[in-house]
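Have a look at this one before I ask anything.
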Amino acid sequence: MTTIHHHSVQIYYEDTDHSGVVYHPNFLKYFERAREHVIDSDRLAQLWNEQGLGFAVYKANLTFLDGVRFAEVCDVQTSFELDGKYKTLWHQELWRPNAKKPAVTGEIEMVCMDQQKRLHPLPDSFIEAMLKL
Amino acid sequence: MTTIHHHSVQIYYEDTDHSGVVYHPNFLKYFERAREHVIDSDRLAQLWNEQGLGFAVYKANLTFLDGVRFAEVCDVQTSFELDGKYKTLWHQELWRPNAKKPAVTGEIEMVCMDQQKRLHPLPDSFIEAMLKL
Amino acid sequence: MTTIHHHSVQIYYEDTDHSGVVYHPNFLKYFERAREHVIDSDRLAQLWNEQGLGFAVYKANLTFLDGVRFAEVCDVQTSFELDGKYKTLWHQELWRPNAKKPAVTGEIEMVCMDQQKRLHPLPDSFIEAMLKL
Amino acid sequence: MTTIHHHSVQIYYEDTDHSGVVYHPNFLKYFERAREHVIDSDRLAQLWNEQGLGFAVYKANLTFLDGVRFAEVCDVQTSFELDGKYKTLWHQELWRPNAKKPAVTGEIEMVCMDQQKRLHPLPDSFIEAMLKL
């Protein structure tokens, strides 16, 4: 049974392009914001500042099913699983208000890296914290 | 006596640059988000979709007093006044948590325009709504 | 035999984040810039303004193999094929200077849409122009 | 007599918003790109990596006179002067193709800072290089 975490994203001018809907790379931003809230931004800042560790996106598979418009308040739904010593897998969806299907879906693989951009095992404290979510 | 409106902005990866702090043009984004919340995003969407009217920044004077870091949750403080038939003036400040002075201040002039980018008087309904804030 | 189109991207402050390398959603921007140069931006503007047609990304599969740093001038390599009446498929890679492998690869599917965001067959003039590239 | 440096900026999807023109904070990006080309990005990277020094925008006064549209290739015109031990002053304008007046003008003050975000005198080597431009 997987927990789904919800994060709310309001669409501002900065998010749209001249076609009238959200510019597609921005969904990767919303998905990252949502992951940061799941992991906890303060824990991320601490890992970076104290242990020199961060997370990098290794793979991102996105499907864009619907356009999203200015002023809409959307719901980003996020679930994840740990995959071995280095990797976390994330399933994410962005839903427009009152929608029957997601507007955008993403499968994201993240790895843990040090500040020299070398792969690093997920810290035990991180794994423990994530297993409690 | 001027009302100060508060809007909260969390700093994500997307907001920073490789110098370690928020990339300076992004403060114009936060100031715009805050203005959209003061005016009300739904009213803005309605004005645009039904009357073909929007607001454009005519002048922006910014002063950058302090760097802002990842994961900080900042307070954008906004006040405004109407200035003639076409213009609104905005004073905005971004405050880091527990700060003694603002990190960034801005004086913004906005004008009302139609979709052909011609100056248009502020709609009466807009003026009325703003005077109630 | 597939033509590879080259597009040069310089990494500015705006492209990086506080981890010191390019913020990952930005690679979708560079890939789009490169596709716009292949298709021709003026043709895109004309299609949009005169026929009300545009292109939307339907799927994007990205793999991030290496970090990219401030001031690097990278080479985006793009090839494409037409796939049926509605779709174009793009293979894109971003190469750092003097690299032995790409830093980021992408498989992008684009569809043609009208301004109501409904699927629309690729215009014949567009297909003809693309087949000449 | 002041040298005017030219830098070309093409407007992509990413630059526009749903009002149909360039999103206003992006002009600060173009102005920064142009300054980086005047100063030389490799020199900036070297200053940062070897001496831990960078430049921060202290003040930015912008005036927005005209909207800028998708696919336009604009000319950013930049001139500067040194102002005391810490500061450089920049006058920048963005011109649309065949325009009779600039679309956006900016007066930018930059200061030199170390990685702890403390004010630092402009390095002599930097001043010398700038005086030759």
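Going by the order they are written in, the chains are A, B, C and D; count residues from 1 in each one.
Basically, a residue touches a chain if its C-beta (ideal position, glycine included) is under 8 Å from a C-beta of that chain, and two chains touch if they have at least 3 such contacts.
All values reported here derive from a predicted model rather than from experimental measurement.
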Problem - Each chain counted as touching chain A and chain B at once - result: C, D
Practice task
Name whichever of C-D and B-D has more C-beta pairs touching across its two chains.
Solution key: B-D
Problem - Distance from the mean Cα position of chain D to that of chain A, given in whole angstrom - result: 32
Problem - CA centroid of chain B to CA centroid of chain D, Å - result: 23
Fill in the blank from the handout: Chain centres from averaged Cα atoms put chain C and chain D apart, in whole Å, by 27
Practice task
Would you pick out the residues of chain B that each touch at least 2 other chains?
Solution key: 13-14, 19-21, 25, 29, 32, 48, 69-70
Completion exercise
chain B partner, complex, touching residues on chain D are 19-21, 24-26, 28-29, 32, 48, 54, 56-64, 66-67, 115, 117
Problem - Complex contacts: residues of chain A adjacent to chain D - result: 13-14, 16-21, 23, 25, 69-70
Problem - Contact footprint of chain B on chain A as seen in their complex - result: 10, 12-14, 29, 32-33, 36, 41-42, 44-45, 48, 69-71
